[in-house]
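Mind looking over this structure? Questions follow.
As written, the chains take the letters A, B, C, D and E, and residue 1 is the first residue of each chain.
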């Protein structure tokens, strides 16, 4: 059966085996501790629906690659919003902030003819400044973030219009910028990226595992660690395989293969922010302030500074979202970042499992939730419905995906807590 | 007193995910008696109470009320049976005032309009009977009350009604000397009026002062349920900390009592 | 676009490949004008159906991201011809370039994508529309013998490039009059999202702050109607001329009632038919013969083969033309309240 | 000094005098218990700003009357949202729900030629059904309300487009419906309404005061009750006076005076919902569920039913908002209820003082917050700025109004709790 | 012991809106001594503690720390001075686990990375020393802990650090018999190590068991601060309930001790 071991200050504990670990995992799932499982389930259901309805187009390599490029703006804004939502705040202005930052970049590139390595940092800096202002207004003046960012939502809309001189579009021609959300890595680089990614993941997992074992702390069974690494490797390599297939529509004219450049960009930010939230003091404090602001204050955490910082991160991420969407569209107009972008981004974070009340959420949730939203958008356009019906269906499909999630949790809750 | 229990639990099991908190727990509550439920921190006392009142669903076991087997899905069902509970985590609405909290779910009405005047009068009387003297106004929000004041409001809320069984989970933990005495007296009075009372407490003096029976939980198992007169102070403490005392209690095998620093920081 | 229930979209699910390739059409939105969802969709669907060409017609809902997503989807599903109404030149250009690398023939429909290099261009001239509006207002004011009339602008959405083009058009007519002092320039405000409710509020405020407004240049019939409601409240309807665009039922009724001065009718069926004809020819890999004119792309200076149509100014006198064209039906237009006016306007 | 009296179960209490009551009020205000005071202050600041910038137009009787008509939709949606927000939920679909209900009415009136007394109830019923569906999805399936109503936001947009056959406008000609948000009461009726309103208020106040005094409970000093009644009377009568001045744009052509019909409609709903929230069991339970759901559940309150009911109320109020906006525009288009309506409505509730986290809010907050929003909109359009600048200014002014609020609270918090 | 107090309060006033909760309160905390702060429910003990730790701002009065007058704006300042507090309303982050809560604000790091292993070890040791046996895992979220377990985590959190003054507001209220004994022992040990300890409790046995001095609050006024050895059990109870006992305590005038059902339900 189970064997015991001595750990953490000489306390007797059970040493988990692979079997007991898996048993416990299922008990936990049944107990309602589901993490991203329901959102992933929802995603699978969606893929199934669209895959059946439009198998040859939805499931094509081309469409798979398109998904990444299409999701970039929402995923980036959603990643930033996770921080704000973790504190139980909201940022309604993130969409237009991304538009403003995109416009700043476009203007510097086009009107002022500056190179991308000036324009992109300038756009990011704009994002940071925006976040700083919002954060200070919320944290120091104590105006509810809904109101501050509603004002900013209106204000930035005006700024964008003013920057674009009342409604012009600005097109960009810089090849580097355009490649960000349109280009692909070469096939060789795609594989190198996949291998480095998987190796990094494996190293991090093994390093942590060894650390705990050597300290005599209870660690996961080695089998589980290996299985997890193998799972990630399988996912990464099969995705890379599909992405390196030829997917040009007209193979005679051109060739199109390789991982979209936006994939490594998303992965890098995913890794950085996951690290920040899970492994640094700052991240810990973000969760603490979101979970119980008063407790955090009493523990000596500089609550105001944390509050400001999440707005800075959010607007910064929005600026990257803006850069990418401008890259994809090769232009910026007064509606860039408007429309449903904001609601979709918040929706992405929430569908992934982030709580609007603070304290609960992970960066990966934004990516998975963003995937749900984009798969719906992408799939719906493939169905070729007329506008009214399309809106209705989009709503219904979104609801269906969320119900899978809710029902999974509910079933779990019924048997567990 | 009466031979048939008012409320009887048998074979209650309860798990939270992989953690089993209650193992085959039985408990009998007799009318006109105070049953003290004792046990170490984390023994499962509060969990048992929440299973009775329908906050948690039970995994296995039966609940019998006045001889009928019942299923309690939620606190409404429990209230309908006449079971009132003062929870350890008080669960007051911070955005409501004292009177509003005390009458929550049982508001007095004139037609469809709330009868605030009557409620205020009744609340005032009840609080006075519990020796609360420092409340500045009955219309104070409970969020601004001191720990003991909140505790008193929660107690007053539960005993205002005509119920059959009253369960109090550490009701005197935050109370002052005078208030504790009043509450213990109240507990005795409720039992004397024929109610079944369950009192959870860590204070052995209080337990022996008012209770007729003592039930001891040890690591989620019912170690013993005995008459208070049949045991000594130190025997009860032994039951609490070791699960057994002489021929009382659980068989001498060790259940899993350890800090188990389980796998990873899976959140 | 044509959901299967409209019967217009044979869809990709038919599997059987017709001899002609598939055509993809992306319409811009449903808000700037009712035409996209009502007229264009209908006419294009009918035209493609008649020719037996498979077509996928979708609307981007004014969202550029969605516009690109739809384009990606169409390219992925293997269309041979792509017809777009761009939301702005930048996105349009990105889509056209993608289509070109995929070897797809492209048509700019209604709006020229600057620097986009589409193969063909079919359109009404939006600046021309604006000019007609300006001229219409001038005519009405002249008819009312207004002296130094104050003219208020109720422009379209500030985020819609077309609104800018319309404004360029009517400004080119009215600005000289302002400059010469013949007319007085009144308030000039944009209506976000072409939102009629906001349009009403904005005009109400314009009137509150400037009580002697004598003419309203409203960018479309919806906004025109919003202004007319405000005027009605102040019993000024009919006294202050209001312009419009799109020849909607609402707008035409307002014209018949004498509350609206004019609207601009774009024979959308003609435009749609022209585009469909081009697309069908391209899908069948024939060389189309209808595109006889050319337009010079002001950005790339390239010549684009074009079919150009002219918008028509509609006043009470020629409302009947619109009915005759089948753009609106008599039943829709001549409801009980307007029966008399209809007869007077010669609609039978 | 103070005299004591015996009350509530024979307890000695201080009998407040007018002086002590006022002193306590100020102490409470200094202690941070501000109610609507900051929002009212914000409103005054706004009126001052616009009154100075455009004194002859902004402060005219015409503009004053316009404010009521312009605010109707937002105020109604915000009143409904207060219920939803009281539970810590959100309804993103309220805007489009109002559009759908308005469209239902317009179609029944115009296309089907039905009379208003069929069309209006049908629109309201539509609102109720919508709320029921949303509420059941949130309460019974447990999907977060943000996601449910985001789906509904998209879905209703589609429904509206479909109802309007892809984008047509439908005009209404029914005079009764048009009068709702355009017409005015006659001067005589205006005064009758004002007098009845004030008398009702006075009766309610005095009745309650007498009830407490007769039960020997601590009651407000009589002087305070009288002063409050006098204040309300002053406000009501002076507003009625202004509204019964001649305000026609062109006095030669037409005459325009009297209280807008929409005012009694707003007042009636304000009174009803205030009564429901403050004086009925249902209202008490709404606050309880919003304040502490677990406590409410333990107190035997049917939490799910309460949750469903607030969505029903919200969508019902949205339907009235929709009816009124259609009345005002005399037509409905696919954007009715779209655009910024929703954000403005939530903003109105929040600016008034409603918490997004539940448990805190009153119906009057929606009206005052709605007034802030509409005064900004109204004032900004009078300034005749171009769009970009107008958006920026609107944002800034909104922020300024919110800052007044926040600073007032903050000052209070610094000296008090 | 040492003659100069480590922490000294003088003339502290504190009002919440129209309600004055503390009137001219003084308190001295000496190094190496346990000062018990007693008082009836609602006397103002917790409010006083929160004034010391900077959660509430004081309206009047001075705080002197090691002879220097200090102003404490927030708990950070207090922590910087070396004042650690266990609050009655525990204030744990429910969304964090035991280890994360215990090290909140003082995380151990390797470079910029959290050193989870070390923290887990230290947390395990501390909990074991406090007789906690039923915790299933150190990575359990505190939201799933029993009342007593939460209490223990809060105590462990405050005593893990090297501080000068430790204030415990009813730390044993929810604890079992064994755990209470451990905490009292810990309190004594802290004082013996030269720290100034303030213990708030309603349990006179506990108070007399560990404290060197007793300070009694009565309706927001400091009735008396005396050596524990100089008073009897019943004298202290009199001070608590009446504000005076013989020649000790407040002058015999009645402060406003009543339930005051104030004006309207103004919210």
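The criterion applied here is as follows: a residue touches a chain if its C-beta (ideal position, glycine included) is under 8 Å from a C-beta of that chain, and two chains touch if they have at least 3 such contacts.
Keep in mind it's a predicted model, so treat the numbers as computed, not measured.
Student: Can you list every chain that touches chain A and also touches chain C?
Tutor: D
Student: Per the definition at the top, count C-beta pairs in contact and tell me whether C-D or A-B has more.
Tutor: C-D
Student: Round to the nearest whole Å and give the separation of the Cα centres of chain D and chain E.
Tutor: 46
Student: With chain centres taken as the means of their Cα atoms, state the distance from chain B to chain C in Å.
Tutor: The computed centroid separation for chain B versus chain C comes out at 72 Å.
Student: Touching two or more other chains, which residues of chain A qualify?
Tutor: 7-8, 11, 161, 166, 217, 340, 386-391, 417 - these are the residues of chain A that touch more than one other chain.
Student: Would you please write down the residue numbers of chain C that are in contact with two or more other chains?
Tutor: 30, 37, 41, 158
Student: Would you pick out the residues of chain B that each touch at least 2 other chains?
Tutor: Counting only residues that touch two or more other chains, chain B contributes 16, 120, 124, 128, 138, 144, 258-262, 264, 266-267.
Student: All pairs of touching chains, please: list them by chain label.
Tutor: A-B, A-C, A-D, A-E, B-D, B-E, C-D, D-E
Student: Which residues of chain A touch chain C once you look at their complex with the stated criterion?
Tutor: Counting only chain A, the residues touching chain C are 54, 56-57, 60, 62-63, 66, 69-70, 73, 161, 166-172, 182, 248-250, 252-254, 325, 328-336, 338-341, 377-378, 381-382, 384-391.
Student: Using the touch rule from the top, collect the residues of chain A that touch chain E in their complex.
Tutor: Chain A reaches chain E through residues 7-11, 211-212, 215, 217, 279-281, 284-285, 287-288, 290-292, 294-302, 359-360, 417.
Student: In the complex formed with chain E, which residues of chain D make contact?
Tutor: 4, 7-8, 11-14, 16, 21, 23-24, 27-28, 30-33, 35, 217-220, 224, 414, 416-417
Student: Residue numbers of chain D touching chain A in their complex, please.
Tutor: So the residues of chain D in touch with chain A come to 88, 90, 92, 137, 141-144, 146-148, 150-162, 166, 340, 343, 346-347, 350-351, 356-357, 386-396, 398-399, 402-403, 405-407, 409-410.
Student: Tell me, which parts of chain C touch chain A in their complex?
Tutor: Those in contact with chain A are residues 1-3, 5-6, 9, 11-13, 30, 37, 41, 56-59, 61-66, 68-70, 72-73, 75-78, 87-91, 93-94, 101-104, 114-115, 158-161, 163-164.
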